[in-house]
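Naming follows writing order (A, B, C, D and E), and every chain is counted from residue 1.
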C-alpha cells in the first residue's frame, strides 16, 4: 500500500540530481521509438541509441521520442544530454514515485502524469508514471514499461495522417498524449464504478464481513485515485494559462477541453468517495438492524417460554403437601393458566410492537 | 448509477472533435423549430433542413433554432457549418454527458446545462442535456429528446408578444431559457423535498430497513443533483461579469436575478444534504434505542424468572433425604420465598432504572 | 419544512418581473405608515394611498414609508411607480421566500433580510421577510404582517427625538432598521440556547426517544437559522465598503459595529451546531452505555443461575439407579456444590470486571 | 453555557452607543491605576477621578491608564471624554460580551481581547474581557474585575526599569499587554491539556459514563476556547500590517513574534479538538468491545448449559414407560452423553473463535 | 503528549527576548563544528569558543557553524553577538517548542524546522528542533542534541568535494540541510506506513482492544506529524518566492524540487489520516459484525432448546392425574413432538436467514 515510501526513503542522504531508478528492476528490454512527422511526411524508427536519430530533426518537423523503460537510467541520461535537460528533471524521470506536476524550465516544459490501468486479475488500479517534455520542435515521453500504454491510437493517427495531428505542432501532440491519458481514466473509473455498483447491490442484500472488507478496499482505491488525479487539475490549468511560446494559442481551446475532462474525472472520484462513505454508513446501520432482528427473535421466544417453564417447575417440586397436585383437574387447570399467560404475553408483545 | 462513465470510456482513443452520439439511440424523430422574431413580427417554421431557413435571418431579428434530438449528429454538424461552430463544441453538444459549463469562443458563447425532470414512476430525478449557443443575432438550443422540455412558456410568450421578450435581443432570450431551466429546478427540488419530508415522518415513527434504503437512495439523488447544479453558479456568475458584446448591460440585472435563484437552489440542495445526513444519524440512534428496549424486556423477564425457576428446580430433586420436602408448610414456605425474591428483584430493577 | 419550495415552483413558467404574492394570503388589513422627519420636526401619517403623501417629501427631510402586508401587490406596485423601482425588485418584494441579499440599483439600494421570531407555542423559529429600499432621501420598508415587528423602538425614538436618529440621514435610518433586526436575532438565539441547555441537562440524565427527536428538531432549526443569517454577513460587509453616495462615511462606523454583531450571531449559530452535533454523539454513546448496563445485569444473573439450575435438573432425573440420591447427605452435598459453583462464578465475574 | 446571549438580547431595542453594563454587577470597588513613564522616570498614581491626572501627560512620556471594573460606567464615560473615544467604543468596553476585535478609529486603535483563567475549583475556563486603546502617547486598558489580571509582571518591569519597556513607546506597551494575555493562554492550555491526558488515561482503562460526560465537557471547553482565540489571529495580523503611525516599525518584529504565538495557541486548540474527537470515537468503540465481551460470556455459558439442562429435563419427566430410566447404567450413560455434548460445544466455540 | 505546553507556560510573565532554555537539561557536552569551504578548499574545526574561528570567514568562502546543544544558552548568545542576531531570534532558538517558521530579518533569514526520528523502542516519532540562519556568506545551524542528526551525508560531501555543494554558495547549503531534513521525513513516514499496514492486516483478522488502542496511538502520531510538516509548505514556498539577495536564482530550481517533496510528505500524511480514519470505521463495523455473530449463536441455541425444555418441564410435573403419563407410548409421542418442534424451529430460522 505504501510501497512508494520505501523507495523514497532509500534516497535519503543522496545528493540532489542523482539519477537512480527506484522501482523494481524490470527484466524487459528498453525500447526507443522515434516519430518525425510533418503534414506530408512521417518517419518511424526504433534506433538502438538516441544519438543515431538526430539527423531526423528538422524545422517544421515534429520530433517525438518515446522511451519505454526508465530503469535503464543510461538512456535517460542520454536524452538529458541530447535535449539539454536539467539533472533534477532526469532524477524525477527515473524516480517513478513523483506526484504529478508541471515545471516550466524556460527552454522546455516538464510534466509528470500517472497512467492508470485496471488490473482485472487483482481487481485494483495499477499506476505507471509517464514523464513528458515539450521543447522547441520535440516531445519526449518516458514510460516505465513497454506493454499497456494508451498512445497506440495516437501512433495510428500519426501514421495514417488522420485528423489534425499531422497538421499541428508539438504542443498539439503533447495535448493528444495528455488527452489519451485522461480519456483512459474514464475507462478505469468505469471499472471502479462497476465495482461500486456491484458492491451496493450486494450490500442492500446482506451486510456481512465480505462486503465490509471490499468496501474498505474500494475506499482506499478511491483515495489513491484522488491522489493521482488531483494535481492534474492544476497542471492543465497552468498549461492553458501558460505564457510560454511552446504552447501556441491555437492549442488552448484543446487544453480547455482537456481541463473540462479532468474536472469531470475529479468530480466522479469525489462522487465515488461520497457514495462509498454513504455505503459504509449504510453497512453499519444494516448490521445494527440485523442485530435488532436477531434479538427480537430471542427476546420473544425466551420471554414467552420462561414464565411457562417456571410454572411447570413449580409443579415439578416434590413436596409432600402440595394440594394442587391432588386436585382432579389440577393438571388441566395449570395447562389453562399457561395458555392464559401465553395469551397475555402475546398481547404485551403486540402492544410494545415487538412482534 | 454511473452509466455516464460507460459512455465516456467508449470515447477513449478517438481523436478530439469526433462528433459521435454517446447516449441511447432514441427512436423518435428529430425536430427543428425556428423562431425568427422582432418587436412587431414573429415567424415560426419547422424546416426539414437547417439551410432552408437562412433567409429568415435579418438584422434586428432574433433568430432562435431549437433542435430536439442530438442523436442525429448530421443535424448538429449542419448547424456547426451554418453558424460556424468549432468541432470541439459540436462534440460536446452530442456528447450528452458533459459537466455544465460555459465557453467564450469569441464569436459566440457556448453553454451546457442540465434540464432536470422528476420521474414520478421511478421516484428519481432524470436529467437531459441542453446545449445553448448565443451568437450575433441568434440563439441555438440543442436538446436530447422532444418531449418534456421547459421552454413551452417562452414559446407562448414569443408568439403572443407578451412581456419584454419580443422587445429584447438574443441575450434576453438566452437568459429566458436559462431562467426556465432554473425555475424548473425548484419544481424538482419540491418533489425531492416532499420525499424527504415523507421520509422524516416515516422515520420518526419506525426505523426499519425500508427507511434505511430509501434514505440511501435520497442521499445519492442529492449527491447527483449537487453535481449538476454546482457548476451552474460559476456559469451564471461569469455570464454576468462577461465583457463580451453579446451580452448587453441591460441583460445583466436579469442575470443577477438568475444568479440569486441558482444560489438558492444550491442552498436548498446543501440543506437537503445536511437534513438527510442528520436523518441517517437519527436512524442509527433509533435502531439502538429500539435494541435497548428489546433487551430491557428480555432482561427483566429473564432475570425475574431465572432465580425462581432455580428454586423450583432445587425442590424438584429426587434425593431421599430432603427435610424441607416433608415439612407440612414446606410448599407454601417456598412459594413465599419466591414471592420475596420476586419483590427484591422488582426493587432492584426499579433502583437500576431498568423498568 | 420545505414549504418555500412549493411557492418557488409555482412561479416556474412565469415571465420575470411578474409581481405575484406567493405566501398564504393573509386576511388582515394592509397598513401604510409614513414618517417624515428632520432634526426639528416629525410628521407621522397613515395614508390610504401612497400618492397622497408625496407633498411630505422635502429636501433635508427623511422620508420613511413602512408597508405592512405585501400580499396586496397593488400597494407594492404603487410604491414601485412612485419611487421608480425595477419590476424585478417588486417581484422580489412580494415573493417572500428570497434569500437575504443586497442589490445596488444605482438610484437606490435594495435589501432583503429576514426578521426572526421565536414562536413560544410551537417552540420553533418563525421568519418574516423584510425588504428595504434606501434611496435619495427616503427609506422604504416592506413587511409581510402587521403584528410582531421589531421597529417599535425606532419609531419611539423618532417621535421623541431621542438619540442621534433625527439628526442623521436615511442611511442611519437604514442602519437602525438593520440593527433592530440583528439585535432581535440575539433574542431568538437566547431562546434556542435555552432550549439547547435544557436539552443537554435532560440528556445527561437520560437518553431516550424524546431527547433524540428534540435533538433532531433543534439541529434542523439551527440549520435554518444559519441559512437566513449567513448571507447577511456579506450584505453588511458590502454595505460598509459601498462606494454609493447613499451611504455617507459617517454611517460606516455604525455599519462596522453592525457587522461585528452579525459575525457574533454567526459564531453563535456555528457554536450551536457544534454543540448539538456533540450532543448527538453523546446521545448515541449513552444509549450504548445503557445497553451495556442492561446486558451486564442479564449476563450476571443468567450465568449465575444457569449452571445451578442444571445441577438441580440432573438430580431431578428419575433414573432408578442414581447412587447419589440414596446418600444420607446427598442433598446437602449438592447444595454445598452449588454454593461452591456460585462462589466460583462470583470470582470469575469479579476478575472479568463484570460486576 | 450561553449566558452571554441573555446579556446581548437585553440590549435589543436600545439605541446604538448606549453605555450600559451587561455583566453581573460586581460588588467590588473600581480602581484606576495610572503609570506615566519615560526612560528615566516613572510615576504611579491611583487617582479617584481620571481628570485629576491629566497634568502627568507630557511629550515623551508613555501614559498608561488601567481601569479595573467597567461596571461603573461613569468612569468609562469619563475616559471617553478625556481621551475622545467614540460612543460605540464606550458601549463595546462596558458590553463585556464582545467578540475579540480591532478597530482603527484614526486617532486611536481600539482592541478587545479575552483574558482567560483556569478555575481550579470548577475545572473550567473563565474569561474576562480586556479592552485596550492605543492613542498618541497613551494606552488605556479596561478590565472587568480587579483580581486575577496577568499584567503584574509588566507593572514590575516598568517600575524596575528592566528590559526594553521603559525605552519604548506606547506601541511596545500595547504589545507587552497583548503578549501577557497570550502567554497566559499557554498556562490555560496546559491545564486543559493535563485534563485531556488524565481523561485519555482513564479512558484507556475503562469507558464508563463518567468518562463520557467529562469528555463532553472538555469538548465544549475546547469549542469556547477556539471561539475566543480564533479572531485574535486576524487582530494581530492586522496590527502588524497596520499603516497607522501609532505602531512604529520597530514594534513590528515583536508583533510578528506575537503572531507566531497566537498561531501556536490556535494549532494547539485544533489539536485538542481532534484528539478529543478521536477519544469520543475511542469511547464508543470501547463500549462496543465491552458489550461484545459481556455477550460472549453470556452466550458461552448459556449455550453450554441449555442443551444439558434439556437432557436432564427429558429424564425428569414422569412417564410411566420410559425404558432408559430402568437401565442399570442409564444415569451414567446420560452423564456420559452430557459430557460428549459439552465437549462438542467446546469444539464448536473454539472453531467459531468464541472462547 | 502535551509536554510542550508546560514549557511554554513556564515562560509566561518573562519579558520578550529572554534567552532561556525550556527543554530538559541534557547532560551531554555542547559541540561546535565549523566548516569553511570554497570550491577548492575546506577547513573543519571544532573550536571551544565561537570567537576563535572568526578569521576563517573570508569572501568566497562558505562558513557553516553547527551547534549541538542549545541548552547551553551562553553559546547561543555568543552566536547572536558574533553574527548580529536579534534577541527574539535567540529566544526562539533556545525555546525548542517553536512552530516551524521562516522570518526574513533583512540581514539574514531565520528558519525553524523539525527533524523527525522514529524511536524504534517506543514505536513513536521523536522530534528535535533545528534552527537555521542564512546570512551573507554563512549558515548557522542549531540542534538540540548531538547524536542522531541527518546532516552526516552533507558533511561527507563537503569534505570529499563531491557533487555541486562545494561549487555553490550558502543558499545551496541551506537548501541541502532542508533537503536532508525532508528526505528523512520519508524514512519516518515509511516506518509509520509500515505500522499502519501491520495494523490493517491485524485489523482484518480480528478487531480487539489491542487494535483499538494502537489505532488511537497511530492517529495521534499522524496528528502530530501533520502539525510539524504543515507549516513547512509555506516556509519553502516563501523561500522560493523570496526577493532577498541571500537566495540566488540558481538555487530556486532546487527549492522548487524541495517544495515538491514537502507537498508529497503532506499528501502522504493526509492519506495516512484518511486511511486511519477509515480503519477506525472498519474496526467499529467489525465489532458490530462480531456481536451479531455471537448473538446469532446465542439466539439459535436458546430458542431451539427453550420450547423443548418447556415440554419436558410439563411432563415433569407431579400431578396425580396426568393422563398422558400413563399412556403406553406417551414418552415416545413427546419425543416425537419435540422432534417436530425442533424441525419447525429449523425451518423458521432458515426462513429468517438466521442460520
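Miscellaneous remarks
Here, a residue touches a chain if its C-beta (ideal position, glycine included) is under 8 Å from a C-beta of that chain, and two chains touch if they have at least 3 such contacts.
In this text the structure is predicted, and so the values were computed from the model without any measurement.
Copies chain B and chain C of the same sequence differ in orientation by 70 degrees, per CA superposition (steps of 5). For this pair, chain C with chain E, the centres built from the Cα atoms lie 42 Å apart.
Mean C-alpha positions place chain D and chain E at a centre distance of 26 Å.
Residue numbers of chain E whose C-beta contacts span two or more other chains: 284, 288, 291, 295, 298, 302, 306, 309, 313, 316-318, 322. Contact topology of the protein chains: cyclic, one closed ring where each chain has exactly two touching partners. Interface residues of chain A facing chain B in the complex, by the touch rule stated above, are 150, 152-153, 157, 162-165, 176, 179-180, 183-184, 186-187, 189-190, 193-194, 196-197, 200, 204, 253-254, 256-257, 260, 263-264, 267-268, 271, 274-275, 278-279, 281-282, 284-286, 288-289, 291-292, 295-296, 298-299, 302-303, 306-307, 309-310, 313-314, 316-322, 352, 354. Across the interface of their complex, chain C is touched by residues 1-2, 5-6, 8-9, 11-17, 86, 88, 92, 98-99, 101, 103, 105, 206, 208-209, 212-213, 216, 219-220, 223-224, 227, 280, 283-284, 287-288, 290-291, 293-295, 297-298, 301-302, 305-306, 308-309, 312-313, 315-318, 322, 324-331, 334-335 of chain D.
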